[in-house]
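The first chain written gets the first letter, and so on, giving A, B and C; residue counts start at 1 in each chain.
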Amino acid sequence: MSYPQTVFPPQVLSRIAPDLLLQRHLVQGLRPSLRKFDEFRPLVSTPGTFNDVGTNSVVGLATVRNGDAFAFCGISLGVVETSKSPEFFEELNDEEYASIYPVVEISRGRSGAPTDEEMILSQTLHDTIFHLKLIPLLLLSVTPGYQILEEDSALTILYPQDMGDEVDQESFQELNISKKNFRYILYAHIKVFSRSGPLFDLVHYATIEALKNVSLPRVYLADSGIDPNIRIPIRSRGNFGHLTQAEQRFYVDERKDIASPLKLSLDAAVSSTFGVVELMDQDESRSILLADLEGEAEEFCSESRINVTASGESLRHVTIIGGGANVTLDTIQNALQIARERKFA
Amino acid sequence: MGKDAEISLNERNFVKEGLKNGFRLNGRSLDEMRRPIINIDKNEYGFVEVEFGKTKLAVRVSCEIVKPYEDRPFEGIFTISTEISPMASPMFENGKNSDDEVLISRFIEKAVSRSNALDLESLCIIAGEKVWHIRADVNYLSYDGGLIDATCIGVMTALQHFKKPDVTMKGTDIIVHDFDQRQPVPLIILHVPICITYSFFNPVDREENIKGDANLEIAIMDADRSEELVRDGFLVLTLNKNRELIQISKNGGLPIDGLALIELTQRAHDRCQELTEHIKALLQADEKERYKNMNLHLLEVGASR
Amino acid sequence: MSKLQVTLGELNNVDGSARLSVGSTKVVVSVTGPIEPKIRQELPTQASLEIIVRPSRGLSGTREKTLEDLLRLVLQAVIVRFKYPRQLIQIVVQFLASDLDKDESSSETGGRFNTGASYMTNELSAAINCCYFALADANVALHTSFAATSIAIDENNAPVFNAELPVLKKSLSHHTVCFDIQEKKASKILLVESNGAFSEEQLLSTIQSASVECERIHSEVQRLVLEKKIDADYIWSK
C-alpha cells in the first residue's frame, strides 16, 4: 500500500518543524533568509527632527531600520531636583555617568500593559547605556535662566552663563531663592514595528543614534502669574500653616540657536547578537554562529546566544547564554571577531 | 503538592469534633496562642523575621525622602505592603490580590496606620516640601494561619527597631548624615497595637445557633491553617498595653453571643500584655548588645576613654 | 572571598526550599512542582517554568523581570523538562537583603544613576546558586549541577569575587558567570553577563577563573550540603 507523499511548503514547515527547516537550510550553507551565516542585515539610521513642528520637548530623534524591522526613538526631557549632601558634591566629578529612562513598545496590534519582553528590553537598555559610560552626568546639570518683566513690559530671559563676571552675580543669586540644584533627565520612547527576531540590537542602535543628535535646550523659570504673596492656609491636626503658591515651573526656551548639543563620550557603540546552533553535517556536529537572527525558525532554534556591545576594541557589554548548543571559548572569540569587523553604512 | 486551599471532609469533621470536645489538633488549649519567635537582624536596623508556629514572615522597614501629599504638608508618609507570593503556600497566586490578601492589608492598615502608632508629624523635614516616607514591606515565607497577628507583631517590632539617618538643616538645604557620621534616630512610636484573632465554630446546627438560648459557639485563639479553613467566622481585636481597644472587627460569619465579646477582650488583653513585654524585652536586649558592640559607652559622660 | 551559607528545607508549604546568604545578599528560594499548570502555561511535551522574583523592599518591577528572564535561561537548560510534560514547576525567589539595603538604605536617588540598582550581579549569582539547592531539595530532576559566581575587575585590573557594592561601583567591569558542572568539572557555559569596559583577554580570563570558582563552590559547598541531605533523607544500611 502506498500513501501519497505530503509536501509542506517552507512557510508551513517553519511553523510545524522549525528545527528541521533550519537544519536543511544550514546543511546547504544558507539560512532561511538566504543570508550567509555571519552576514548582518544592514542597519540604516535616519536622523529626524521634530524641530519644525512647533515647541515640544522631543530633543533627539532617530528612525532605524534593520531588514524588515523598524524602530523609532524619540528622546524627551525632564527636570529633577537633585539631592544635595556635602559628600555628594565631592563625588560628582567627570567619572560619573548618566543613563536614560527608556520605554520600549513593540507594536503588535494590541494595547495594554507592557509585555515581559518590553520590560526586559527597557531595563537592559537602561543598564547597558549606564555601563557604557556614554553620557557624562555633568553635561546634564541645569542652570535655569530667569524671565524678567522689564519696566517697558518687555519680557527678557537672563541666563547666568551669558553674563560676564562684571555683572554682579550676587543679585542673580538672590533670584534663585531656593538655591536648589536641578538636572535634566532623558526619557527615550522607542517604538518597534514589524518585529522579526530578537530586538536588542535594533533598539540599542536606535537609542544611540537618537542620543547622538540630542541638543539640550535651555530652560528658564517664569513668573507663574500667581502672586507669591498669596498664601493658602492649611490646617492639619492642630498645626496651622501656609502654603505659598510660588511653585517653580520650568519653561523650555524655544530658541534653537542657544541650545547646546549633547557631547557623548563615545563615538560609537554597537550591539551585535549571534545565535549558536548545532549543525548536523554528515554524522558529525559542530556549532556555528548565526549573525543577527531573523525569523521564527532561527529564533526558536538558537537557545544559545551571544550578545556583544563593543566600542572600537573595547567591550562594553557581553551576554552569553549557553543553554542550547555548547558555547566554547573559541566560539566566543569568533563572535567577538565578527562583531569587531562589522561594517556600517 | 496540590494548589487548592481545600481541606477534605474527613479532616474538616475531625477538627470540628475535636473542638466540640475541647481539643485542638495542634495540642493547644482553646485560648492558647503560639509563642512567636522573633529574630531581629544583628547588622541592620528594621529587619525582623517572625516565626509564628509554622507561619514565617520577614519585615523590612526602609525610609526615603519624598514630597508630602498636597493636603497634608506637615505629615510624613507611611505605607505597609503585604503581598503574598506562592512561596507562602501554592494557594496564593502571584500578582493576584486575593480576598484574603486585601483583608489582611486592611486589618493591618487599621491597626497600625489609622491608630497613629507611628507619629507621622515627626517625619516632617520641611513642611510642604520634604518628609520621610517610611515603608514596611512584609514578605510571607510560609503560611500556617494567623497571618494578621504575626504581621502586626512583625511590623511593630520592626518599626520600633528601625532607625532613620539624622538630618540637619542648613538654610533651605538638608544634609542627610551617614550612619558612621552621626547616630541614626529611632522613629517615634506612640503605642504598640497588637492584633489577636479569634476563630468561631458552631458545634450545633444553624437554627439552634440563631434561635436557641444556649450560646454554644466555640471561640479559639490563633487558629492554624486547618482551623482557619474550617472556621465559621472570626473576630480581630486590636489592643495595646494601656488596655485600650483599637479595632474590633467581626465581618459577618457565625453570629455569636454579644456578651461573649467582653470575655474574649479580657483574655486578649492578657495576651497583649505578654506579647508587648516580650517584644520590649527583645528590643532592649538588642539595644544593649549593639551598645556594647559599637562601644557607645565611650560616649557617656565621664567615661574613661 | 565571602562564604556561601546555605540551609535547606525550612519552609513547609512548598516541595523544596533553600536559604542562602553570601556577602550582604540574603535570598530564599522555594520550589513547588511538578504541579498542575494553568491552561495557558501548559506545554504539551515538557514542563513549564513559572519564575517569580521578589525584591526585599518595594514591589517587583522591570529589574525583577530581567532577573526572572536570566534565571529562566539558566534553569530551563538544566531542569530535565521532558520528564514532566504538561506540568508546572513554580520557583519563587524572595530576596530578604541585598546590597541596596546595606549601602543605600535611605539615600535620595533623584537624578542619580550610579546606584545599587544598576548592578545586579550579586543578586543574580546568589539567586542562581540558591535555586540549585532549592531544586535539589524539591527533588526536581536536573541534567547537571550548576554554580554561578560574580566577579568584578577592580581599578588595578585584579579580579574580586562577590564584591560589595562600593567596590562594584568603582570597578572597571563586573561579570556574572554560570557554569554547569559534570564530574566535578565546570564544562559548559550557561550564562555570562558582563558590563563595564573590558578587553577580550579580560573576558576570557574572567570566564576561566570563574570556572575554577564554580568548581570550588561545587566541591566545597554544594556536595557537602547535598550529601548531608541524602544522609538525612534515607536510611543507609551499613
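By definition in this document, a residue touches a chain if its C-beta (ideal position, glycine included) is under 8 Å from a C-beta of that chain, and two chains touch if they have at least 3 such contacts.
From a predicted model like this one, the values you see are computed outputs, not experimental measurements.
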**Q.** Steps needed, at minimum, to go from chain A to chain C via contacts
**A.** 1
**Q.** Chain whose Cα centroid lies nearest the overall Cα centroid
**A.** C
Q | Relative to chain C, chain with the most remote C-alpha centre | A | B
Q: State, to the nearest whole Å, the distance from the C-alpha centre of chain A to the C-alpha centre of chain C.
A: 28
**Q.** Separation of mean Cα positions, chain C and chain B [Å, integer]
**A.** 31
(Q) Roughly how far is chain A from chain B, centre to centre by C-alpha average, rounded to an integer in Å? (A) 43
Q | Set of chain A residues in contact with two or more other chains | A | 83
Q. If you look at chain B, which of its residues touch at least two other chains?
A. 65, 176
Q.
If a residue has to touch 2 or more other chains to count, which residues of chain C qualify?
A. 107-108
Q) How about chain B: which of its residues touch chain C in the complex? A) 1-3, 41, 43-45, 47, 49, 54, 56, 58, 60, 62-65, 81, 83, 85-90, 94, 135, 137, 139, 141-144, 164-165, 176
(Q) Under the definition above, what is the set of chain A residues touching chain C in their complex? (A) 80-83, 96-99, 116, 119-120, 122-124, 126-128, 130-131, 133, 137, 140, 183, 185, 303, 313-324, 326-327, 329, 332-333, 336
Q.
Under the definition above, what is the set of chain C residues touching chain B in their complex?
A. 10-15, 17, 28, 30, 32, 35-36, 50, 52, 54, 56-59, 90, 92, 94, 96-97, 101-102, 105-108
**Q.** In the complex with chain A, residue positions of chain C that touch it
**A.** 61-63, 65-66, 68-69, 73-74, 76-77, 107-114, 118, 120, 188-200, 203-204, 207
